[in-house]
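Two complexes follow with chain A in common, the first pairing it with chain B and the second with chain C.
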Partner chain A sequence: MSNAEKLRQLVLDVFLLDPAEFRFDLTRDAIDTWDSLGVVSLSVGIHETFGYSMTPDEAAGLGGIGDLVALLDRNGISIDAQS
Partner chain B sequence: MSELLAYPPYSERRDALLLEELNALTRHHLERNAVYRRIWPEWKEAKALEEIPFLHAGVFKHLRLASGDAQRARTLVSSGTTGTQSQVVMDPDASRLQAASSRAILAELIGAEMTPLVILDHAAALRSRDAIPARIAAAMAVQPFATETHFVLDPGGAVDWSRVSNAIAKAGHIRLYAITSLLWTAWLETMPDALRAELGRVRIDFVHSGGWKKLEAIRVDRATLDRALLAAAAPGSRVVDFYGLVEQNGILFPLCESGFRHAPLWSEVIVRDPFTLLPTNAEGLLQLMNPFPRGAPSHSVLTEDLGRLVAGDCPCGRKGRRFELIGRLPKAEVRGCANV
Partner chain C sequence: MRVQILQETHGADDALLLDERWQSPSTFLYLPEKTAVSAEWVDRAIALIPDDLQRDHFALLTSGSTGEPKLVIGSRTRAEGLARVLHAAQESGPVAETIVALPLSYSYAFVNQWLWSRTFNRRLVVTDGFRKPDRILGTLQAADEAMLCLVGSQLPLFDALAGDATFPGVVRLHFAGGRFPQEQLPRLRSRFPRARVFNNYGCAEALPRLTVRKAEEGASASDVGRPIEGVSLQSDATGALRFRSAYGAVALIEQGALKRIGPDDWVPTGDLGHEGEDGRWILDGRSGDVFKRHGEKVSAPAIVTAISSAWKGIAAAYREADRLGEPGLVLVVSPPPEAAELNGILHALRESLSRPQWPLRIEALEAMPLLANGKPDTATASSAPGRTVLWRQRI
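After this line comes the complex of A and B, so read on.
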């Protein structure tokens, strides 16, 4: 499974989205379930899936999936959002 | 938003403001929840906290009461393996307030220092599509203070000690959350000796919640548990035991050093006579209230737990409402780990 697919599946699980709703340009405001539990779940999932530990500030500061992709990219985890 | 969250949790009570917020929340649920409206058809604005309508905790075992669109709302469930599980529908706005509440309460107890957090549970439980166990919600109360979070149970339910070892590798101070019985059975009884020696250099804030039935069955009392936990950690370590309900997520009632449970000023505890349901100063059923739940009308819940209000100032210095938790009402359905 590609990194993009792993990230997509994680986001679907964490935020209880239907597969058809997923887009890499989804913003935090567009996801009702991006709440405190969602943020924790996302942080833990990123650590388990990609081995990267987001700091609390990084997790709280994410504005959407695009920010997450960029953060992972800056930390050496490439997500091909076109795939 | 709740104005009450602007104040320290154990400062002078502001019951007029709490009443105002609870009245507004009752109106919110009546407008959005047909079942709640059928239960309280004649509601008139309460003039005192005792007049805020309540639901018996048992209602949440039989109905998924949603005040609004519950299609994609998270649902918390009590974690008991016996009995019927309670279900409480969450709301994103309420979730933020509940997180702010538990953060303020715990900061008062364990400080706001950021440390690694070890949780004796499975991370997968966070991502359940059906429902999130209440014990995970309880663990999340500690998470705002975490630099990193380590879930350390393996799929079989045993502690994966290598994960614990990783978590403490570079840390001199950590927080650990577990349900009470697991602290004894998984943490203390099965810990490898080598790790026990390693943990002796780490300051640990143990935070736990949940019933004592399993430990009482093996004759482990609170003093024994605390002593065993602190013996396996560095000096300065602490043990915090809190009481709460899945229906009242975000409200923690920690046991203070003087042996009492304290209610933050944004919650209320009323004791009701089990037979008349009238407020009483004697032992009775605990009714718990807070102004946060918007996803379900769980803002005022009559529990199956017995307690007693205690008047006067607490020697621990905290102001406001305090009470003794006595136990479950005899014949109340066993709820396993529901008491978070």
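After this line comes the complex of A and C, so read on.
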């Protein structure tokens, strides 16, 4: 499974999105289940899936999936959002 | 006078033997065919029955949802009074026979079927439930103005076994002992085209009935309708539902002690509830099952209800702590859902519940373990081999 697919599955699971809803440019405002516990859950999931531990500031500062892709990329985890 | 013990066999003689015991003055204990309690437990419990309850009474064994065994002791006169009230409330006048698909030692079937049939001289057709599908399906095909009593958790298996079959000979269809399958009414009306469907609510201590409502008189599974004649309901400051009943148990034996129930005692049903419009009562969950997770009230009935529009199989939930030590619930579904069905379940959770109320995990089992009364056995399900994790929260 590619990193993009892993991230997609994680986001679907954490925010209970319908598969058809998912896009890499989704903002947090477009996800009604993006709440504080969801951010904690996403952080745990990112660590489990990619081995990267987000700082609280990084997690709280995410504006959407695009920011998450960029954050992971800056930390050496490449997500091919076109795949 | 010594208390007699009668054990159910699911055989043709069960009703005859029960009839003999009912006519004999000695109080008797009617035990299920299989029971987890030991003979020593039963002997100790019987030894606690006082002299004045050793005549003209009967006792049933229940484990309830707590798993703690207890004997409920009832008066035969009061139970016959309930059978007569139920006959009117359930509009049973035209019913010629009642088909038994549950253990007769279960208070619901004991009163609503065996005692009712005895009191009103109607046929009692004992089957082996869904353990012998051919027999019960054949009996239902041959039904003649029949009453059928089920618990909602039997429906998925029933649907799998019965396919598209219809049973026009069933004219009364009762549900009790668990969540009423409100969302499945259209399918039930197709399968039982001549049946009036009833939601019955009660508990073992009530032996067992407290309310009855016709299906069409409510829109929610939680709406149990109004108390029957002779029954009063109230909820206390915590929302715990309590009753007084002219037909309820006169004593309980649990945890090694006898507890009498007097006419002025309010007895907990084990549920939370409140009075709604027009004197109707609305269930809010099980008393022990409602707890807070991250500040939000969580309960198994709320989760099962939330997914009921998307999932027609069996669902149950058991309690577990998450990695932060917060209590939560694990949802178990059976049979395993297709991918689209799982998406529907997840969508329903998102639509109806807040994140703290979501289950910690969703697990699937090929077959849900069931208690003798047909309800999901959540204790066994929580450790059943072959569970598949379909979805999980990360915290």
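Before moving on, here are some points about what is shown:
The rule is short, and it goes like this: the second predicted complex is superposed on the first by the 83 of 83 C-alpha atoms of A that agree within 3 Å, B and C clash if a C-alpha of one lies under 4 Å from a C-alpha of the other, contacts with A are read in each partner's own complex, and residues count from 1 in each chain.
What we mean here is this: a contact is a pair of C-beta atoms (placed from the backbone, for glycine too) under 8 Å apart; a residue touches a chain by one contact, two chains touch by 3 or more.
Just so it is clear, the model here is predicted, and its values are computed rather than measured.
Using the contact criterion defined above for the overlaid structures, shared-chain residue A:Ser53 touches chain B, although it does not reach chain C. In the superposition on chain A, A:Val44 makes contact with both chain B and chain C. Of the two partner chains placed by superposition, A:Gly63 touches none, neither chain B nor chain C. Of the two partner chains placed by the overlay, only chain C lies in contact with A:Pro19; chain B stays clear of it.
The residues of chain A shared by its contacts with chain B and with chain C are 13-14, 16, 32-33, 35, 37, 40-41, 44-45, 48.
Chain B makes touch with chain A in their complex at residues 72-74, 90, 92, 95-96, 98-99, 114, 123, 126-127, 129, 132, 137, 140, 143-144, 146-149, 151. Within the complex, the chain A residues that touch chain C are 13-14, 16, 18-19, 32-33, 35, 37-38, 40-42, 44-45, 48.
Those residues of chain C that touch chain A in the complex are listed here as 294, 343, 346-347, 349-350, 355-356, 358, 391-395. By the touch criterion stated above, chain A contacts chain B in their complex at residues 13-14, 16, 32-37, 40-41, 43-45, 47-48, 53, 55-56.
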